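For clarity, chains are labelled A, B, C and D in written order, and residue numbers in each chain start from 1.
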Amino acid sequence: MKPVDAVITKVVEETPTIRTFFFDTSFESEPGQFVMVWIRGVDEIPMALSYDNAVTVQKVGTATSALFEFGEDDSIGIRGPFGNGFRIKGDNILLIAGGVGAAPLSPLAEKAGLQGFEVTTLLGAKTKEELVFRERFESAGKVMVATDDGTAGKHGYVTQLIDGKDYDQIYCCGPEIMMKKVLDKVQPEKSQFSLHRYIKCGLGICGACCVDGLRVCKDGPVFTGEVLNRSEFGLYMRNECGEKVKV
Amino acid sequence: MKPVDAVITKVVEETPTIRTFFFDTSFESEPGQFVMVWIRGVDEIPMALSYDNAVTVQKVGTATSALFEFGEDDSIGIRGPFGNGFRIKGDNILLIAGGVGAAPLSPLAEKAGLQGFEVTTLLGAKTKEELVFRERFESAGKVMVATDDGTAGKHGYVTQLIDGKDYDQIYCCGPEIMMKKVLDKVQPEKSQFSLHRYIKCGLGICGACCVDGLRVCKDGPVFTGEVLNRSEFGLYMRNECGEKVKV
Amino acid sequence: MLSLALTGLELKNPLMLAAGIMGTTGGSLKRIADNGAGAVITKSLGIEPASGHNNPTMVEVDCGYLNAMGLPNPSYKNFQQEIDIAAGAGTPVIASIFGGCALDFSEIAGVLDADAFELNVSCPHAWGYGAQIGTDPDLVEDITKAVKAATDAPVWVKLTPNVTDIISIGLAAQRGGADAVVAINTVRAMAIDINSGYPILGNRFGGLSGRAIKPVAIKCVYDLYDALKIPVIGVGGISDWKDAIEFIMAGARAVEVGSAVGNNISIFKDISSGMEAFLMEKEWTLDEIYGMAHKI
Amino acid sequence: MLSLALTGLELKNPLMLAAGIMGTTGGSLKRIADNGAGAVITKSLGIEPASGHNNPTMVEVDCGYLNAMGLPNPSYKNFQQEIDIAAGAGTPVIASIFGGCALDFSEIAGVLDADAFELNVSCPHAWGYGAQIGTDPDLVEDITKAVKAATDAPVWVKLTPNVTDIISIGLAAQRGGADAVVAINTVRAMAIDINSGYPILGNRFGGLSGRAIKPVAIKCVYDLYDALKIPVIGVGGISDWKDAIEFIMAGARAVEVGSAVGNNISIFKDISSGMEAFLMEKEWTLDEIYGMAHKI
């Protein structure tokens, strides 16, 4: 479909670098699915839906900075939702979120919590103020925190919070290096990861987002650890030109 | 839609000049609706559906002659059904058929008969052997016959069979001059006529079939006497070029 | 709120019936005018009556229609009465005309009385007419000049998209004195019946219209708006008010609706009320959205 | 039953992955080959790595897709390893290549090892490349000659439909020694966001693909089949086996599938089994339906 016009109704400052933009249109979606956010005249970028009617954005470059200039009544174009989200399985699940990776995991926590799952979240960030959606995860279950600088929770990486406990399913989103570390620690067939690749069409056509033969935009963005174990995941990715670059 | 491939399963010789071609595909339709019959490499011509899966064709020129060469297992292309058929109304109805005009009226007779209507048919033709579907009309109700040469029924025109009796609705199909005579004799608001005009697109777009502003292919082919009374009906029609020609 | 002046004609809205759609009889033209069109355009009229190509002349395809009518028409000599009937609706009536050379065009324009002339130099499936002419800038310029000399009425030139460079043809029309260009006529196309191998159209190939061609038409209008000084009239695939708005934003001063009339005889009313509601909600005027995509 | 020889390549079926579709990585090309394609074509490769146009680079429209990727590619210098991975499927791998001049093309074709080369002289939205070149018969002839001199592999020339006369470009390719032509690349087109007036694509305009363009492509293939001695490969809007059959009847020796892969990664298997069932039922061979629409 063409981009739907979505008018921003509220902007919430989650952290100094992360804001949630609520809009006037809701999208039926599975947790982990994403939309393409068109900042007219600038760029169109992929964003997970952090609510039915919101995206939670970290300011990292041109498009996200442009979006940070937007406020109530400004409008963006939205295509989607696209891709396959997290498949909810088992009773006792573990969520591992690094930084803005909490965005796709937060609706998953809420949904699983409402369905009576036992939800444990490991939430990591650089520093205390950069922890996102802590309350949303807490309302769904137990939360353990890690910060790189030790300002909250464990001093270190969120991966260090992983205990030997057996979970029915493990869900993870964050920087690829961190996700790779998680994959090395857990049972691949019981884990799901939401991947980041350069998205152009979002329609499964252009091939820009491929992890080997798999399209992040259409076959993913969520893949099982098993599938990723047999792939270039954690080793290299493609830039906008399609060149291989080290992760 | 594109033409559907229809394979001829049976050809019935109704009269020396009229044959019914049954095909392997049925079309859900109202009595009076028509299809475009594509005789590949020759022409595409409008034909009423005389059964769900048949057209009844009088040999008059190039395309109909070509079709008369067709037999079992030959195939034609069919688009449709198109247009608005007869609207069945009242309890006590009169059908007036001239020649191959019996084609669209015969399924109407059967349908009305099954629904318990009192059906009277006036059936006209040049000569006895050219009477079409007499048995179908008889199985639905009373039939009165007229032939131009007096070989069956009344000697004269079918219009002469019209009595003063009051019918809830009168349905008519035949040569335009005959239909015009009928219209002059009956209550316009209680009568329906199936018109013949040059059909090109069949889709209500090209305008070739217009009776004044009305499209025979889309708004018709069936119109009430009331509508026709205010039109060029019976006076003139358009040829393939769009020139006015006298009826 | 939708009214405008277009090449000197006063239109109650920028929505016109495209040439070749219900345009062979005064009655059908009047019906469309009565149903809300801002102006109506006749079937393309030539010197002599013509019956056009063999059926099938039109067929529905996946996302639009394919046609090769072959310019059937009763000749301009039989058409003044139809124009007069159509004019009874109080809405401008534009005569679409075609010919094999400048002389044909000027003969017709010199005799017919219409509110404007639209020169069909763009029909993709009539040999020696239409696009055979409309792909040659010099011919387009000459024909336009000849018609301008033959009539005082505004002259619009309808362009084919089946060219490498539509701008050069638009510029030729402008040089010839055209008051507006119209884009686009149908896109050269074809369909084959796989059950038999036969090309479906009697003429084998024809022109694609309807929703499929809208993005092609939008691009043509956008380019012509940039390149020309005279107004561009948009046509191709319009089926609702959103499409009409898109054309106007691309740079169309007004639009024509063709194929979509088949399934909705009241489409002009529907589009104009949709446009009005949209402009109201956005607090935009027709002038403000005209060419908007260029200003951004 | 569907196997054929095409410009010297043995294909298990006449269905190929079109250029620019899942063609940037060896893994994705191999996946399509493993999923039933008779051959796969890479993303168009140029001299230097390029990131292409800004997003939005692709958007779905009414009856197809609009794209202006802008020829992003990792450069041919980084691509041999991807071709080798793709070739692991045992299916021919064709390298699509583009450049600004004959020298660029021959540089690439001289170095890359691929089963054939497809020359992209037809991309409608990359300035100075693609269709900028492919509308000029002399350039097309020169480039084809240069590539033929640089490689022993078969050379296919992919044509743009955005020309007045596609046959003249096809003949130029044939004169240059092309082993086949491929028709068509996307149709120049555009879409505007009516909520803002912005052209939707980052590049403002782009090329239309998908179902909307099938009748346009069929006509191009039909015309080229008539005019050329070398085989024509059809592409544009194929989404099921019926479409593939239609192209072959129009005169395509083989076909490519692009946009429709997005929603059906197994489309090559689906099309080939549909074609087989159809041919069986009709008791026709692939050779019999090839160009059938011309023989009738």
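Keep in mind that, in the parts below, a residue touches a chain if its C-beta (ideal position, glycine included) is under 8 Å from a C-beta of that chain, and two chains touch if they have at least 3 such contacts.
As the structure is a prediction and not an experimental result, all values here were calculated from the model.
Undergrad: Treat touching chains as neighbours: how many steps, at the fewest, connect chain A to chain C?
TA: Graph distance in the chain contact network comes out at 2.
Undergrad: Taking each chain's centre as the mean of its C-alpha atoms, which one ends up farthest from the centre of chain C?
TA: Relative to chain C, the chain whose C-alpha centre sits farthest away is A.
Undergrad: Let me have the rounded angstrom distance from the C-alpha centre of chain B over to the C-alpha centre of chain D, please.
TA: Spacing between the chain centres: roughly 50 Å.
Undergrad: Indicate the whole-number Å distance between the mean C-alpha point of chain A and the mean C-alpha point of chain B.
TA: 66
Undergrad: Which whole number of Å gives the spacing of the CA centres of chain B and chain C?
TA: About 36 Å, centre to centre.
Undergrad: Return the residues of chain C touching two or more other chains; collapse runs of consecutive numbers into ranges.
TA: In chain C, 61, 191, 196, 198, 296 touch at least two other chains.
Undergrad: At least two other chains touched by the same residue of chain B: list those residues.
TA: As it turns out, chain B has residues touching two or more other chains at 41.
Undergrad: Which of line, ring, star, complete or other matches the graph of chains that touch?
TA: Per interface graph, the chains form a line.
Undergrad: Which pairs of chains touch each other?
TA: Result for touching pairs of chains: A-D, B-C, C-D.
Undergrad: Going by the contact rule set out above, which residues of chain C touch chain D in the complex?
TA: These residues of chain C touch chain D: 61-64, 66, 135, 162-164, 187-192, 194, 196-199, 204-205, 208, 211-216, 218-219, 222, 237, 242, 245-246, 249-250, 278, 289, 292-293, 295-296.
Undergrad: Going by the contact rule set out above, which residues of chain D touch chain A in the complex?
TA: Counting only chain D, the residues touching chain A are 20-25, 27-28, 30-32, 43, 49-52, 54-61, 65, 67, 69, 72-75, 78, 191, 193, 195-196, 198, 200, 202, 258-259, 261-263, 265.
Undergrad: Taking the complex as given, what residues does chain B use to touch chain C?
TA: Counting only chain B, the residues touching chain C are 1-3, 5, 36, 38, 40-45, 75, 77, 79, 200-208, 210-215, 218, 232, 238-244.
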